[in-house]
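In the two complexes below, chain A is the common chain; its partner is chain B in one and chain C in the other.
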Partner chain A sequence: MANENIFEIIAKLVENYKKDTPQKVKLIDLFIVFTGLTAAIQFVYRVLVGTFPLNAFLAAFFTCLSLLVFTVALRKQVNPATSGEFRVVPERAFGDYIFCCVLTFFVAMSYIG
Partner chain B sequence: MINRVLAIALVVIVALTSFISTQSLTAKHYEDLSKYLKDQLKNASTPQEVHYAVTSLLKLGGGELEPSLVSSLCEKVNKNIAKVNTFSADDLYHTAAAQLALKCTIPNEQKFVEDFEKRLESILVDLSIKPISDLSQVYSATRALLLFKRKLKSIPTNNTLLNKVFNNISGRYTDDTGAFCNKSSSAEKCLTDTGYAYESLTILQSMISDRTKLLPNLVKISKKAQDLIKQAANASAVKAASIFVRGLNKLATILPFSKRITRREVEDSATAFQRAANDKLSLQNVYDLVEGLSAVSSSNIHIPISVSSIERNENEYSFRVTSPLGQPISDSVVKLRAVYPGSNQDDSLIGRPIEIKGDKGTYTWKDASGQIAESAGSYKFDIDVQIKGETTPYTRVFKTTSDKLDITDVNIVLSKLNERRVFVDEDSARLEKQGETLSRDISTSVKSGEQKKLIVSFNLKGIDAQQTFVRIGDEKRESTAVARKMGGAYRAEIVLDKIARDLSAPLQSVNPTGRYDVQLIVADNALQKPLLWTLAKINLDYQINVKPDEEGRHYDRQKEIVHKFNEPAVRASAGIASIFSLVVLAPVAVFALGLLAIGFNFNNCPSGLAGLLAPVFTASVAGMLAVIGWYFVEINIFTALKYLSLLGAVSVVTGAPVLSAISRRNVQGNALIQEGTK
Partner chain C sequence: MSARSSLSLLLVILYVVAFAQCQSDAPLKNSKRTLVVLDTFDYKVSHSKFFQQLTKKGHKLTYKLAFDQDIVLSKYDDYHFDNLIIISSSKRSSFGGELKYASALSKFVDNNAGNVFVVAGSSGLSKPLREFATENGVGFDDEGTSVIDHFNYDVNLDTSFRHTVVACNQVSQLPSSRVIRDAQKFVTKPILYSGLAISLDRHRNKLLLPILTGSSTSYSFDADQSGTNAEPSIRGRNTVLVGALQARNGARITFVGGSEVLSDKYFSSQVQSTQSSSGNEDFSNELISWSFQDRCVIRHSNVSHHLVVPSAVDAPGYYKVGELMDYSVIFEEWDGDSRKWVPFVTDDVQLELIMLHPYVRTDLKHVADGKYAARVKVPDTYGVFKLHVDYRRDGLSHLIFDDQITIRPTRIEEFERFVPAASPYYTIMFSTMATFFVFSTLFLYTREKPKTD
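This part shows the complex of A and B:
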């Protein structure tokens, strides 16, 4: 019974997600999943094999985490359900997001060596 | 190795000998220098070489040159005189000096002199108007002027020109140093430049008609002459000392230095040349040496005196009183004031001062009592030399040995606490019999810490030796102890376990057990040959470990150094790394599939200007990402920043209207929806 409820809950969650979530937000969520998975795979590699080359690992791992954080922040500002607490329009948030990403990529490339 | 101590003894003897030896050129110096100069003359090819060799030889009194040599030298000097109008100041000077020294006949003399004068005049004009950087050129020009003074017509009477050159040279004087150099110049450069300046100014002053007006200037520039002459005495470069001494001597023909500079200071200035007399010969060095010594010997300040060391011939003791060049001084009165051992004049062998007559500079006194010959030790000779009413005292030390020299009461004792073995007891020999070994054989074992000593004692008769050693060693290794005089007898104590390090193989830890000689070494500057006498043979059986000393430890095998670098990090193999690269791309596939599932929506694409700018904006952002990738691959940070700032500016300029247009559209759209729901 409880297991069936969990599956039903999950299915309903997915259905509501598909129905209620704007396309924009879905794209952002997809990107969050992408960066999260990339960070996770890198971390598993580090645990199994080692940190060599350390600077490259740090640059890649923390770039993924940074992007994840920026993208989550963008999602909050763009999602109509949560954007009310922010005084910026979504387009402005997107512009800020691009700036932060470019800066992060530049720093990461400098650190990779 | 076996003669190392002997060599040291010989060096000390030679050093002591040269310390008390003659302070003038010796006959051997004259011979060597004259021979060298004659050889140089045969190979001389330039006027400078001829000038230096001929003038030095003439000053040494090297005798007349063969006429054939003179004519060939004159040919060499006159070879390029047709080009006299291109000569430098040095060329003019050396040519003039060589011609005069050899008394050469000059072809087309009138034309040569006219061209010479024109060239010299143009050089002097330059020296009168341009700042002088090289005083040697001034010196050469003024010397050339002086040498050819009688032949030249216009320059010697051109007061204006000579005054200008004089003032230009004087302008180089600085009060900071009191010389013709600045504080950063070396002592030798200072002496050289000041010497050149002194001589040049003196020559010019002698030619200028209103010369007395220039005297205050000359007095001013020679204020520090007394300090400079002391520097000349200590100069290591004989050239600097020579140039200064000559310049000062020239200036002394005008200014009275006799009250400011003492005779002793003039004599001391010859020291630099006396040192150089033993240096390796070169034409420049010989010229500077001879010129310097000539200038000192014929000093216009004081007549310098050189008193040689005392030499003995049986009971007669002689010394030479000469100029630094080794020539007798006329009008000198020499008195022997006292002859005494030690330092107490009251013990003088002569009751009162005796005037001694000289024979070509050599003065001899006979010791009638024969006391000096019978004793061993040092005797001081106090000598007074009087020239032109001025008396200068000198002291010379004579070291003597007795005619009968003996080593007596030789004892060799091996001692340990509570034990004493005597091997040689009261043996003796005359010093002449040093070649004989006493044929004593000693054997002993040496244990660590037992303080076993070999004690050698002896008496020396007829000599107060400066160096007495006892040596234990063989051909390769040795240890030496000083034999000290204690209550009349000499005694050396050698602690056998302590010398194990010396007798061990150098720098290694080899047990020094072996057979060694016990030798006595006596050296003194009064002995022609140091004494080396083997007293006994000793077999040493060392029962100790010899540890290397500090130096030995340095050369011993050292502990192996393990590198302290970081250990290399664990690396994945190429296969695993490649697999990881593919796995990392998996989320990209997830992203791409997700994009397809979510779908694309270009409905909100703006129109109008914003619509045109939208691709530009997108392209500029993509361009920035591409530059970052390019930065990783090829370019440096500065180039990357340059492109990023350009593209960043483009993206801001294009992005702002695009995003603003989208935002306005969305706001309008939301407003319409809200109205519709109402």
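This part shows the complex of A and C:
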């Protein structure tokens, strides 16, 4: 164990992730990474270009962040490894998720322009 | 009833007409009623050319003796005179009539904006005038002293051989170029002077200005006490021979340290050093035209400001932050010779936009015929601003005026709706929604692969 270097540990982690993680959770993880990256890009753009127009930045940036949070919540409810904490069927969890996201989109779209 | 109302209407019309007349009435002081207060009427003879100059400039002279009990300056706060000339060296402690109290002179300046021309007589300055001078921050040296200059004195007039008749022929001795124009001509025609020295406290009183000063070798001392070791209190360039104070209301108070400088004798004297006649006549001419407001009196009119668009309204109620504004004003100077207001041209007028402190300070450029203009971008701060012009220069009457404008913030619907700079945010918003849709669809239709192992 001790002479395994960091790359081998990562390789093992990825292998285990590929093997043990359900397909749906992998999909969720992909979406989480997407929203996180998009938020990061926007922040970099804001730093480079400036705060004007602030409302557009806030709308788009916080849409990505809230989507990220919602998706993490969905992942916890859907992933068999953690869903034991919740007494919610996955269909109900997904319905909640859709509702929250669509509401966020409405708010953000009215604020962005 | 109708008769009464028509009468009051007539009164209103009369009043308006009179007011309009007042406005167009050219100078501040159109009339030149001048009271001349003298110790003795001998001055009328010895200074006849000086009084002729005044008459030529349109002054109506009224002569009074200083201790005349019937000197009346005003009645019911209505002044009979616009200018006051006092030549006095009397030792008596007060003048006669209304001039009995020293405050009468100050009141004449304050309430009437009248010009006062104070000349020390041949044997010093009388006490009430000394008090008046001190009130104005002008200090005459003690009785018995006189200005002495061992390097620049006039040979012909200096009969006492004490070098108390000083010849002023340096340009630097005439520091107020607006009061005495063309100082260069006095290089060849020196101004002869004898009398008291004046010290001006210019640090405390910014309204004072020296008109004729001594050269760097001049000093003020009692010529009889030549043996004492005491140091002269006024010396060098600080020795002022003729000084003035321009009050904030435009009145001009001139102090001349000795009456000889304006006398016929000095006017017509030949100066040996330059082989020419003295410059006293020209000097006196310049001095009285300034002192009695024949020139260097300026006024402003036609202040206008509006947006920089073709059909802009003049003086709009509001400007939006950051808008461009055109400002213009006309400056005119009173010309006593032609008795007209003529365009005043200079290059140092500034406009300020002030809200507690100046946000914008810019040059007003002369365009044509005394019209000054500036294009200003109003500040990015909203609030009530003053358009402030403060033009105070030595020798000119002061010009300070304000106009008020309001600068409002951008209204909610005036902001740009869709900004190019925000296009990444718009793109991200829509791409996120599209990805969300794709993700949801995939999520719904994904089936777990059955575990094979």
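Everything that follows uses one rule, which is that the second predicted complex is superposed on the first by the 109 of 113 C-alpha atoms of A that agree within 3 Å, B and C clash if a C-alpha of one lies under 4 Å from a C-alpha of the other, contacts with A are read in each partner's own complex, and residues count from 1 in each chain.
Here is the rule we go by: a residue touches a chain if its C-beta (ideal position, glycine included) is under 8 Å from a C-beta of that chain, and two chains touch if they have at least 3 such contacts.
Because the structure is predicted, anything quoted here is derived from the model rather than measured.
Placing chain B and chain C on a common chain A by superposition gives a clash between them. By the touch criterion defined above, A:Ser83 lies against neither chain B nor chain C after alignment on the C-alpha atoms of chain A.
In the superposed model, A:Leu67 lies in contact with chain C only, and not with chain B.
By the touch criterion defined above, A:Ser110 lies against chain B but remains apart from chain C after alignment on the C-alpha atoms of chain A.
Of the two partner chains placed by superposition, only chain B is touched by A:Val33; chain C is not. In the superposed pair of complexes, A:Arg92 makes contact with chain B only, with no contact to chain C. Of the two partner chains, chain B and chain C are each touched by A:Gln42.
Judged by the touch definition given at the top, the superposed model places A:Ala56 against chain C, while chain B stays out of reach.
Once the two structures sit on top of each other via chain A, chain C runs into chain B at 541-549, and not at any other stretch of 217-225, 253-261, 523-531 or 541-549. In the superposition on chain A, the residues of chain A contacting both chain B and chain C are 23, 27, 30-31, 34-35, 38, 41-42, 45, 49-50, 52-53, 94, 98, 105, 109, 112. In the complex of the two chains, the chain C residues touching chain A come out as 416-419, 421-422, 424-426, 428-429, 431-433, 435-436, 439-440, 442-444, 446-449. Partner chain C is touched in their complex by these residues of chain A: 22-24, 27-28, 30-31, 34-35, 38, 41-42, 45, 49-50, 52-53, 56-57, 59-61, 63-64, 67, 94, 98, 101, 105, 108-109, 112-113. The touching residues of chain B, when paired with chain A in their complex, are 569-572, 576, 580, 583-584, 586-588, 590-591, 594-595, 598-599, 601, 621, 624-625, 628-629, 631-632, 637, 640, 644, 648, 651, 655-656, 659-660, 662-663, 666-667. Residues 23, 26-27, 30-31, 33-35, 37-38, 41-42, 45, 49-54, 89-92, 94-95, 98, 102, 105-106, 109-110, 112 of chain A are the ones that touch chain B when the two sit in their complex.
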